[in-house]
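Structure provided below as C-alpha cells; questions to follow.
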Amino acid sequence: MRGISRALALGLTLAFVATACGTGGSTTPSPTVAASGAATKPRLELSTYQYAIQTKGKIRIGTQEDNTPFSVKTPATGKWDGFDVAIGREIAKAIFGEGEDVEKFIEWVPVVSATRIPAITDNKADVVIKTFTINDERKAQIDFSDVYFRTGQRILVKKDNTTIKEAADMAGKTICSQRGSTSEKNILTATNNAARPLLLDSYPACLLALQQGQADAVSTDETILFGLVKQDPNTKIVGKYFSQEPYGIGVKKSAGGDRTGFVDFINRTMITLITTGKWATYYEQYITPVSGDKKRTPDD
Amino acid sequence: MRPDTWPMFADPAIWGFFFEGLRETIYLAVVSIALSFVVGLLFALGRLSRKRWIRWPSIFYIEGVRALPVLLLIVYFDIKGSALFRPFFALLGLDFDLPRFWAGVLGLSMYTSAVLAEIIRAGIVSLPRGQSEAARALGLSHAQTMRSVILPQALRLMVPAMMGQLTTVIKDTSLVGTIGVFELLKQGGTIYKLFFNPFEVLLIVATIYFVICFALSQASRRLEVGRAPRETRVKIRDIELRDQAA
Amino acid sequence: MPGGIIFEFPELFLTGLWLTIQISVLGLIGAIVIGTLVALARVSPLVPLRWIGGAYVEFFRNTPLIVQLFFWFLGLGALGFRFSTDTFESIFRAAATGMALYHGAYVAEVVRGGLLGVDRGQVEAARSLGLSYLQMVRYVQLPQTVRSVIPPLGNIGIALVKNTSLASTIGVAELLYAAEIVESRTFRAEEAFIAATMLFLLLTIPLGIIVNELERRLLVAR
C-alpha cells in the first residue's frame, strides 16, 4: 500500500475490483448471441414468476457487498461488480431484454451468510446469488437452480507456514471463518471436532487475524481465499478440496404457484450462458486473475 | 502499527468516508430516540395506570426488555423483522421487507423505550401529590391533569436524563454495524480491513465518538431545568447505571 | 417447549452461559478495583492525579464498548500484543479487560460520589486527630462509602452481564454467539433466540430483584 492519491485512497477497493474485472466500472460484455435478439422485452409465459417480475419492472438480486471476486460493492461509487453480479445481470437481461441499460431494472439487496436464506423466504429478494452452496438442509428451505459454479473448501495460511498442509492438520489449531457459514461447520467435520474455530464477522476480518498471528489459518471456499491472497500476497492456499461446494442460485419455494416456472427459467438462462461462451468469458474476467486457471463450463 | 498508511489520513476522501458513517450514526440515533420517547411515554403512563390490565403488561414489557442485551434485540430484528411485519402489510396487499436500518432502529428503540419509560415514570412520581390533587379538585380529568399539569413538569425535570439517553443511543448505534448498516464503526472497519491498520482507525473512530458524546454530556449539564428531589435523582442514576448499554 | 432447543445443542448454550458468567464476574471485580482506584485519584489532593482520573472517566464512558473491545483484540493485535499465546484465552481476556475498563469508569463515578458523601465533619475530625490522608481514607471514608455504593454497583453489575453479549463480536462463544450459531445451523431463529433470552433472564432477573431489595434497604439518607 503506497502512493495514496485522491483517486486511489478509498479506491484501493477500486484497484481491487479493477484487478478482478479489468476496467473498474460496470461491465457489459459485448453480446455475442443475445438470447432474445430484439431490443424489446423477451416474451415470457403469462403464468410464470419471471413474467411477474417483468411486469413489476424490477428484479431484486441478493448478493454480498464484500465477497471478492464474486460480488463487491465499491463504497466510493456504489457500483456492484463480480462474477455473481455478472450472472445476476444476465438473468435480468433475460427478463428485461438486452437492449437498454439493464442496471435500472435491478435492485441489489445486500445479504450476508446469515441473512441469505431469510432474504429469500421472507421475499426480500427474488434471487440470491452469493457463493451459495447447495446442500440438503438448505434445499428443505429454498429451491436452488442447477449448479453454476464448482469449488471446494481449502485452507489459507501464511506463506512461511509448514505445519498445516492438509485438512487433518487443522486439528488443535485456531481456524478462522465467517459466523453462520457452512465453512465453519465443514472445518469441524473435517477434523472430527478437533479444530478450534474462531468465528468473526467476515473473511477480511479473518485475514487480519491471520496476519496478526491470532489465527493459524483461514478456511472457506477456495474462490473466496483467492480474493484474500490477492489482498495479502504473503499467504498461500494449501490442501486438497475437503468439501465439495456446488454453488446454486437461491429462489423461494413456490407456494401456491407464486414462483411457477422460475427455477426452470433460470436454468435455461444458465445453459444459454454456458453454450454461448458467456460463462467462460465471465470466469476469465473475474476468476482467472485470482485463480490462474481457465474454465469453459462449471463442470471442468 | 502501519505508519505507511498514515498519509491516507491526510486525504479528505477518507474523512468523507468517515463522515458518511457518522451521518448514518446520527440518523439512526435521532430516529431511535424519537421513537423510544413516544413508546416510552406510553409505557410510563401505562405502568402508572390504575387499571390492572394496562399496568401489568406495561410492567412486563418494561422489566422484560430492560433485562435483555440491546444487541440481542438488534440481531433478532435483523433475522426475523420482515417475517414479523409481513402479515400486516399482507392485509393491505403489499409486500414487505424490513431494511436493515429499520431493524437496527427497532432494536435500539425497543430497548431505549423501556429505559425512558422508567425515567419518565420516576419524573412523574417525583412531583408533589398536591399538584395532581389540586388539578383534580379544579375539575380537570385525569387525562387533562396529565397533559397540562404533570407531564410538562415531569418532562422538564427529565431533560438531563433524556440527553444522557441520547448519548447512550449514539454509542449503541455502533452495535447496529454488526447487522450490516454502514454507520461510523462499520465504515472504519471497511477501511482497516482493506488497509490493515485497525490500531490507527479504531483510535480515530473512538475519538470521534468521544468528541460527540462528551460535548453532549457537557451540554446536558447546562440544561438542568429545575432540580428534582434527591431521591428521584438517585433513582434516575440507578436506572441509567443498570440500563446503559455499551 | 420453549427453550427446548437448548437440549439439542447443550454444549453451545452451556458454554455460552458459563463464559457469560465468567466474563461478568471477572469484569465486575476488575471494574470495582479499577474504579475505586480512579475514584481515589479523583478526590485526592494531588491535581495531576485528579486530572488523570477525570480523563480516564470521560474517555471510557464516552466511547462505545464495542469499539474498545475491537481495540483490545484487533487494535493491539496489530502492534503484536496479545493477552495470551492461545487465541481463545486472548479474546476472553480482551473481553474481560474491556469490560473492566469500561465499567470501571462508571464505578469510579459512583465511588467518588460515595466518598464525597461522607460527612465533611468526619473528614476534618479525623485529620485533626492526626490521621494521615491515607489513614483517613482507609478508616473513615471507605467504610462509610461502601454502604452507599452497593446498590449502584449492583446495577452496574447487571449492565455488565448484558454487555457481555458484545464479546460475541470478537469471537467469544458466549450466549448471543450460541444463539447465532444455532440459528445458522437450523434456521430456527425464534427458538434459538428465545433460548438465549431465557438464559439471559435467568441471570439478570434474580440480580435485578436482589438489587431492588438492596436499593430499598440501603437508601442512605444524607
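Each chain carries a letter (A, B and C) given by its place in the written order, and its residues are counted from 1.
Note that in this section a contact is a pair of C-beta atoms (placed from the backbone, for glycine too) under 8 Å apart; a residue touches a chain by one contact, two chains touch by 3 or more.
What you see is a predicted model, and the numbers here were worked out from it, not measured in a lab.
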| item | value |
| --- | --- |
| Of all other chains, the one whose Cα centre sits farthest from subunit C | A |
| Innermost chain by mean C-alpha position | B |
| Chain pair with the higher count of C-beta pairs in contact (A-B, B-C) | B-C |
| CA centroid of subunit A to CA centroid of subunit C, Å | 41 |
| Gap in Å, rounded to a whole number, between the CA centres of subunit C and subunit B | 21 |
| Length of the line joining the C-alpha centres of subunit A and subunit B, rounded to whole Å | 37 |
| Where subunit B touches two or more other chains, by residue | 2, 79-80, 178, 189, 192, 196, 198 |
| Subunit A: positions in contact with at least two other chains | 114, 118, 201, 205, 208 |
| Contacts with two or more other chains, residues of subunit C listed in rising order | 74, 77-78, 169, 180, 183, 189 |
| Of all residues in subunit C, those that touch subunit A in their complex | 73-74, 77-78, 80, 82, 87-88, 90-91, 169-171, 177, 180-181, 183-185, 187, 189 |
| Interface residues, subunit C side, partner subunit B - complex | 58-59, 61-68, 70-71, 74-79, 102, 106, 110, 151-152, 155-156, 158-159, 162-166, 168-169, 176, 179-180, 183, 189-190, 193, 196-197, 200-201, 204-205, 208, 211, 215, 219, 222 |
| Footprint of subunit C on subunit B - complex, ascending | 1-2, 63-64, 66-72, 75-76, 79-80, 167, 171-172, 174-175, 178, 185, 189, 192, 196-199, 202-203, 205-206, 209-210, 213-214, 217, 230-231, 234, 237-238, 241-246 |
| Touch list for subunit A against partner subunit B, complex | 1-2, 4, 6, 9-10, 12-13, 16, 65-66, 75-76, 109-110, 112, 114-115, 118-119, 121-124, 201-202, 204-205, 207-208, 211, 231-232 |
| Subunit A to subunit C touching residues, read off their complex | 113-114, 117-118, 141, 174, 179-181, 185, 196, 198-201, 205, 208-209, 212-215 |
